[in-house]
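Labels for the chains are A, B, C, D, E, F and G, by order of writing; each one numbers its residues from 1.
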Amino acid sequence: MSSKKKAVEELRFGEAIEQLEGILSQVEAEEVDIDELADQLKVAAGLLELCRGKIRRAEVEVTQIVQALEEAEAEAEQEEGS
Amino acid sequence: MVGEVNRVRVSQRGHLYFELIEKGDDDQIEGKLEAVAWRTDHPRIRQQLATAGLEIGEGQTIRCRAAVDFYPPFGRLQLVVRAVDPVFTAGLLAKRRQEVLESLVARGLLELNRQKTLSELSLRVALITSDGSAAYHDFLSSLEESGFGFQVYFIHASVQGKEAEKEVTSALGMLSSLPVDCAVLIRGGGSRADLAVFDSQGICEAVAQAPVPVLTGLGHEIDQAIADLAAHTAFKTPTKVAEFLVERVASEERRLVELRAALARHSVGLLRQGRESLGRAQRGLGLVRHRIATAAGRLGQLSEIVARVGQWSAEGQGRKLQDLLRRLVDAGPRNLAAAHHESDLVAERIAAQAAAIVREKTAVVDGWERLCRQLAPERTLERGFSVTRDSKGELLRHPRQVVPGERITSHLAGGDLVSQVEET
Amino acid sequence: MSSKKKAVEELRFGEAIEQLEGILSQVEAEEVDIDELADQLKVAAGLLELCRGKIRRAEVEVTQIVQALEEAEAEAEQEEGS
Amino acid sequence: MSSKKKAVEELRFGEAIEQLEGILSQVEAEEVDIDELADQLKVAAGLLELCRGKIRRAEVEVTQIVQALEEAEAEAEQEEGS
Amino acid sequence: MSSKKKAVEELRFGEAIEQLEGILSQVEAEEVDIDELADQLKVAAGLLELCRGKIRRAEVEVTQIVQALEEAEAEAEQEEGS
Amino acid sequence: MSSKKKAVEELRFGEAIEQLEGILSQVEAEEVDIDELADQLKVAAGLLELCRGKIRRAEVEVTQIVQALEEAEAEAEQEEGS
Amino acid sequence: MSSKKKAVEELRFGEAIEQLEGILSQVEAEEVDIDELADQLKVAAGLLELCRGKIRRAEVEVTQIVQALEEAEAEAEQEEGS
């Protein structure tokens, strides 16, 4: 985790996943006190939501681009075939 | 006769006419003689040369057997060639070829063109060949079939005959001004003798020094011309050159397809991985519930321990107290009994001893009394002894104490007895 | 146990459990005078109550967050599936 | 036994037990003069009574605490179960 | 025997027993003249009376204490049992 | 990739391919954050389009340069002939 | 024999016995005239009488005291037994 925490919204996907895994490993190692468990979980939930949004957006865009590329290729092949 | 063949032509009747010339150092013709091979000799000569892969061509030096004939209608002298020595020409050609090759190697020209990089996408091509030839058509149609966007800069050049060397060299010289990726030098095929042009110093040097890679397709199956050796890559036919170029582009196109597919695949993979990470994280967060359940369980245990331990501790202390009480209850009276016993014992012993002392002293006194009684004089008298006293009452111990006639009194147990002394 | 005792309300769950176990081990070892037994047990009971409260709160919060997370995931999957 | 005797009422349970055992061991060893036996026994009885009282009070308190704990626990379980 | 004789009434039980034993040993060693025997016996009788009196008094008291203790115990057991 | 980026239109085919492979190797090595994935893919799509265009811009286009040569020849012949 | 003769009545039992022994040893040694013998025996008889009287008195007293002691013991035992 970076020493200087960014606001959650500023985090990149990779950083967010890293923070998530940091929280998880602390929870797994029982380094988190019951008192802080809920707070940590909230942070984790926020990070999860952030990442989910990022993936959704990326998926839409990537799917579009990949589709466009495939169409262009198919077109080119058709031209060739004609 | 030995000379260089020049101005070859075949008449309609099948006679082969040419000039046999001799050149000076600066390529100037110094001697010239008209020559003819009659129709009757021409096919045989041709065949003889063909066996060595040769033909009578311009610039070719030959050795021939000939008769000098004078032709009166024109008033000129002409050689009638009966036979040509193919070995002489072949050797000559080979020698020349060798000289050119060595010169190229010596100047480092042979590798020069090969060192040029052939662009991955060689779409702009300079084509050097004879306009309208089979080679020209084959090459262009091969490119066209591919459907790729080739751009061909065509430069006409004769690839056989006496102008060939000059034209090809000149065409190669034009490359520097053209925006091309490579040059293609092709020929549709033909005699082996024609190929000799491509061994010429001029063409070979031009190929070597061309500003772009030169690809050759000179249409022969067996031999390689020196131009082939100096070129970037040599192919056997023009079609092969075209196929090569098309294949290069096609491979680039395939590479593009692969790149696209790989990009798509890995992008999707990255996304899937991201999703998996998230899924893992989410499942991991389920652990939190487990943590809480564990903590709650531990708390329950502690609570039970608190309950048990409190009561148990109080009970334990109570038992300890009970124990102490029992010991106290036992020990108090035991102390009293001991005191009792002790005092009783002392009392008994003192009483007993006192009685014993009384008894003992009584016995002592009794003894003494008995002794006194035994010692009393009466006891002696009773046994028959007697005590005798004189008249004065003195105890008699000796007869001289008395005189005869004296009255003495004997004390006996039974009483006194008075007697008179008769003699002493 | 910390040398400087905090008020029970300020204790973290982990610290409270630690103190509880400290008290219990003393009571079990009969190091606690009967005079103090009740007091110590009262402290222990207070700590137990504190911990129980913390767990209850954590449970409620965690359940809510986890539920929200699961709903969000289900939603996301539905979107994906559609 | 402490060198400076406290009033019996001020004694802690442990101290009282210690004094009791001191008296008892003397009585058991018959080191106590008959003159003092009764007095010593009276002291011992007083100490016993003191300890008994302490235990009784502790028991009552412990029982209350334990009861309260069990109720709280039962409540917690019911909440959990509901 | 103490060098400074106390009045018999002032003697402690232990001292009285000690004196008694002194008399006994003298009597047993026949160091006592018959003239003094009765006197010594009288002294002994006095000492014995003293001791017996002490024992009697102690007995009464000890019995009361023990009885009280046992009653208290029985009471405690009954309470416990109830 | 060249340190000084050219506009995509200025790129040579080889440079474009190089950039494409650079992007691919980053994506393969999972060095691209989900946040940047779509952007990188967009760049890649542009490069792919550029390359494809280069490969099939038109059908074979032949530019004759023979004329210049013939003119030069004619000149030479004229000179010769004169 | 004491150098200064006491009156017989003043003699202690032991002294009387001593004198008796002296008289008897003289008599036995036949150092005493028959005339003195009777006198000495009279003295002896007197001494004997003295001793006997002492013994009688002692006996009476001892018997009384012992009886009294035994009665006291019996009494004590009776009390104890009751």
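Heads up, the rule we're going with is that contacts are C-beta pairs under 8 Å (C-beta built on N, C-alpha and C of every residue); 3 or more make two chains touch, one makes a residue touch a chain.
In this text the structure is predicted, and so the values were computed from the model without any measurement.
Chain centres were defined as the mean of their Cα atoms; on that basis the chain farthest from chain E turns out to be F.
Looking at B-F alongside B-G, one finds more C-beta pairs in contact between the chains of B-F.
Distance between Cα centroids is largest for the pairing of chain B with G. When the CA atoms of chain C are superposed on chain D, the rotation angle comes to 15 degrees (nearest 5).
For the touching copies chain E and chain G, the fraction of interface residue numbers used by both falls below half; the interface is of the different-residue type. Separating the centre of chain B from that of chain E, both taken as means of CA atoms, is a distance of 99 Å. Centre-to-centre spacing of chain B and chain C amounts to 47 Å, using the average Cα coordinate of each chain.
For the pair chain A and chain C, the distance between C-alpha centroids works out to 33 Å. Under the contact definition stated at the top, the residues of chain G that touch 2 or more other chains are 13, 55, 58, 62, 65-66, 69, 73, 76, 80. Touching two or more other chains at once are residues 147, 260, 263, 267, 271, 274, 282, 285, 288, 292, 295, 303, 306, 310, 313-314, 317-318, 325, 328, 332, 335-336, 339-340, 347, 351, 354, 357-358, 361 of chain B.
Under the touch rule stated earlier, the contacting chain pairs are A-B, A-C, A-F, B-C, B-D, B-E, B-F, B-G, C-D, D-E, E-G. Residues of chain F touching chain B in their complex: 13-14, 17, 20-21, 23-24, 27-28, 30, 32, 34, 37, 41, 44, 48, 51-52, 54-66, 68-70, 72-73. Within the complex formed with chain C, the residues of chain B that make contact are 282, 285-286, 288-289, 292, 295-296, 298-299, 302-303, 305-306, 309-310, 313-314, 316-317. Listed in rising order, the residues of chain C touching chain D in the complex are 33-35, 37-38, 41-42, 45, 48-49, 52, 56. Interface residues of chain C facing chain A in the complex, by the touch rule stated above, are 12-14, 51, 54-55, 57-58, 61-62, 65-66, 68-69, 72-73, 76, 79.
Chain B contributes residues 300, 303, 306-307, 310-311, 313-314, 317-318, 320-321, 324-325, 327-328, 331-332, 334-336, 338-339 to its touches with chain D in the complex.
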